[in-house]
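The chains carry the letters A, B, C and D, assigned in the order they are written, with residues numbered from 1 in each.
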Amino acid sequence: MKIIPYHRRANYYETDQMSIVHHTNYIRYFEEARIDFMRQIGCDCRKLEELGAIIPVVDAYARYHKSLHFDEEFQVDIQLEKFNGARMEFSYQIRFPQTGELAVTGHTSHCFVDEHQKPFSVKHRFPEIYRRMKSALSPRPATA
Amino acid sequence: MKIIPYHRRANYYETDQMSIVHHTNYIRYFEEARIDFMRQIGCDCRKLEELGAIIPVVDAYARYHKSLHFDEEFQVDIQLEKFNGARMEFSYQIRFPQTGELAVTGHTSHCFVDEHQKPFSVKHRFPEIYRRMKSALSPRPATA
Amino acid sequence: MKIIPYHRRANYYETDQMSIVHHTNYIRYFEEARIDFMRQIGCDCRKLEELGAIIPVVDAYARYHKSLHFDEEFQVDIQLEKFNGARMEFSYQIRFPQTGELAVTGHTSHCFVDEHQKPFSVKHRFPEIYRRMKSALSPRPATA
Amino acid sequence: MKIIPYHRRANYYETDQMSIVHHTNYIRYFEEARIDFMRQIGCDCRKLEELGAIIPVVDAYARYHKSLHFDEEFQVDIQLEKFNGARMEFSYQIRFPQTGELAVTGHTSHCFVDEHQKPFSVKHRFPEIYRRMKSALSPRPATA
């Protein structure tokens, strides 16, 4: 399945006094792209939470190559690098769409917990979600 | 009871590319000062929420007089202008502590709802909170 | 000229522990819609700032009718209520697109200053911008 | 020189609908602690920027151990792990002050650029800052 890259413009309130997007906001862009990715493969994060499936962030990394400015368009390419039904890992490349140049790269890893913060097996509890996520795994060797 | 003004410094990530604190962040400062005010009069907002008492914002207004810059200290003076057990209203003055000069003024109004979004009477459900808030009402004629 | 309403979904990081969009974020949505409005009428805010035309917020008001949740779509209808070349005022209605129901309404007012924080006349300095903004004025009587 | 850990409470607007502090906000806490650290060793980041010394973030990493909730107090322990006059690296531990338990750990690395985005040597341009930062280097072997 071909994932359509997430894209939008940088907002004014996302800049800081360096006149660039504040470094923490790119990790928010990662989140936007991740939720969009999940929707594209048929996994609605909002519905999942309503069913008691929470997907907290275990760790997050971002490397800043070139800054985004107010109103600049960007796209986020995202890959599901690892998924075993208990954990998953995504990698991200935020790019300037015109040139393909990299703005920020990074990765996040996640686990699955229920409403009582207890880990659960996606395979047993949501077999259809499990199948979809397995199919969405990046064919590239996981390197992140 | 004398309320101690809330104060801290403006954070880097709160600035925008005008090199001043973004206008929406002052309304977040209002919230910080309001929660601090509630604590000072003996009403712990965190405990209240755990007991199912939610205090949503009904409206908010801010007027911008003079901008705050990164790392500048500010203080927030806050008054409880109205409180009748179903609704309440606060007014705020964000100031430069050295000169007393105004940075931002504003007000917010609030209601009280339970965990099912239903309004409730503070007087009946939390009589001690009611008494404390009544005592904390600003003696000044409510003008906002 | 017909303005296309601004729309997108609410982000996860825009929610708070009430499980609704935090009240200050709607005022950020106002800003997004305002910049989009300006672009639609041919006034690029980024270019204007590069030319030394800064448009700070003088005051902002929001009234909260019904909360937005994570991932919910919303649209922002925006009107330029007043513009005289020195000041301007916008009104906003954030709605649920399916039903047209109101989520948040509000208004902001603005002035025009140069890079030294000095007010300037849009009419004299940017006659084409002046003309476009005058044409974009809402035909409705200004009520906000 | 003994650095006093940075500490404050988590704000309401920093929570998300998981009822915990959103993961990106901890990286903002890193920034707050870093600026406080710099002030403690006599390097005022605001003054440095006014002199044209910008310190952008090159990369950032956070690992989430245990979540902070609204109004919870936290402290940030910070160490300057590396500094060579062109680059520097900090490590951070966000803790629950009562128990010392870890909430979040991480690190950031930074470079020094002038107002034209050109790297410069701190040793040549700001010898006193260079001396202070060298003295503030963590005695522990850099592990991050």
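As a convention for this text, a residue touches a chain if its C-beta (ideal position, glycine included) is under 8 Å from a C-beta of that chain, and two chains touch if they have at least 3 such contacts.
Everything numeric here is computed off the predicted structure, so don't read it as measured data.
Chemist: Give a one-word verdict, same or different, on whether subunit A and subunit D use largely identical residue numbers at their interface, taking over half shared as same.
Modeler: Same: when the shared numbers are divided by all numbers used, the fraction is over half.
Chemist: When the contacting C-beta pairs are counted for C-D and for A-C, which pair yields the higher total?
Modeler: When the contacts at C-D and A-C are counted, A-C has more.
Chemist: With centres defined by CA atoms only, which chain is the most remote from subunit C?
Modeler: Of all chains, D has its centre farthest from that of subunit C.
Chemist: Any idea how many Å lie between the Cα centroids of subunit A and subunit D?
Modeler: Measuring from centre to centre gives 25 Å for this pair.
Chemist: Just how far, in Å, is the C-alpha centre of subunit D from the one of subunit C?
Modeler: Chain centres of subunit C and subunit D, defined by C-alpha means, are spaced 35 Å apart.
Chemist: Using mean CA coordinates as chain centres, what's the subunit A-subunit C distance in Å?
Modeler: Measuring from centre to centre gives 29 Å for this pair.
Chemist: Please list all residues of subunit A that touch 2 or more other chains.
Modeler: 12-13, 17-18, 24, 28, 31, 49, 70
Chemist: Which subunit B residues qualify as touching subunit C in the complex?
Modeler: Residues 17-18, 23-25, 27-28, 31, 49, 54, 56-64, 67.
Chemist: Mind listing the subunit A positions that touch subunit C in their complex?
Modeler: Touch list, subunit A to subunit C: 8, 11-13, 28, 31-32, 35, 44-46, 49, 69-71.
Chemist: Under the touch definition given earlier, write down the residues of subunit C that touch subunit D in their complex.
Modeler: Touch list, subunit C to subunit D: 12-13, 15-20, 22, 24, 70.
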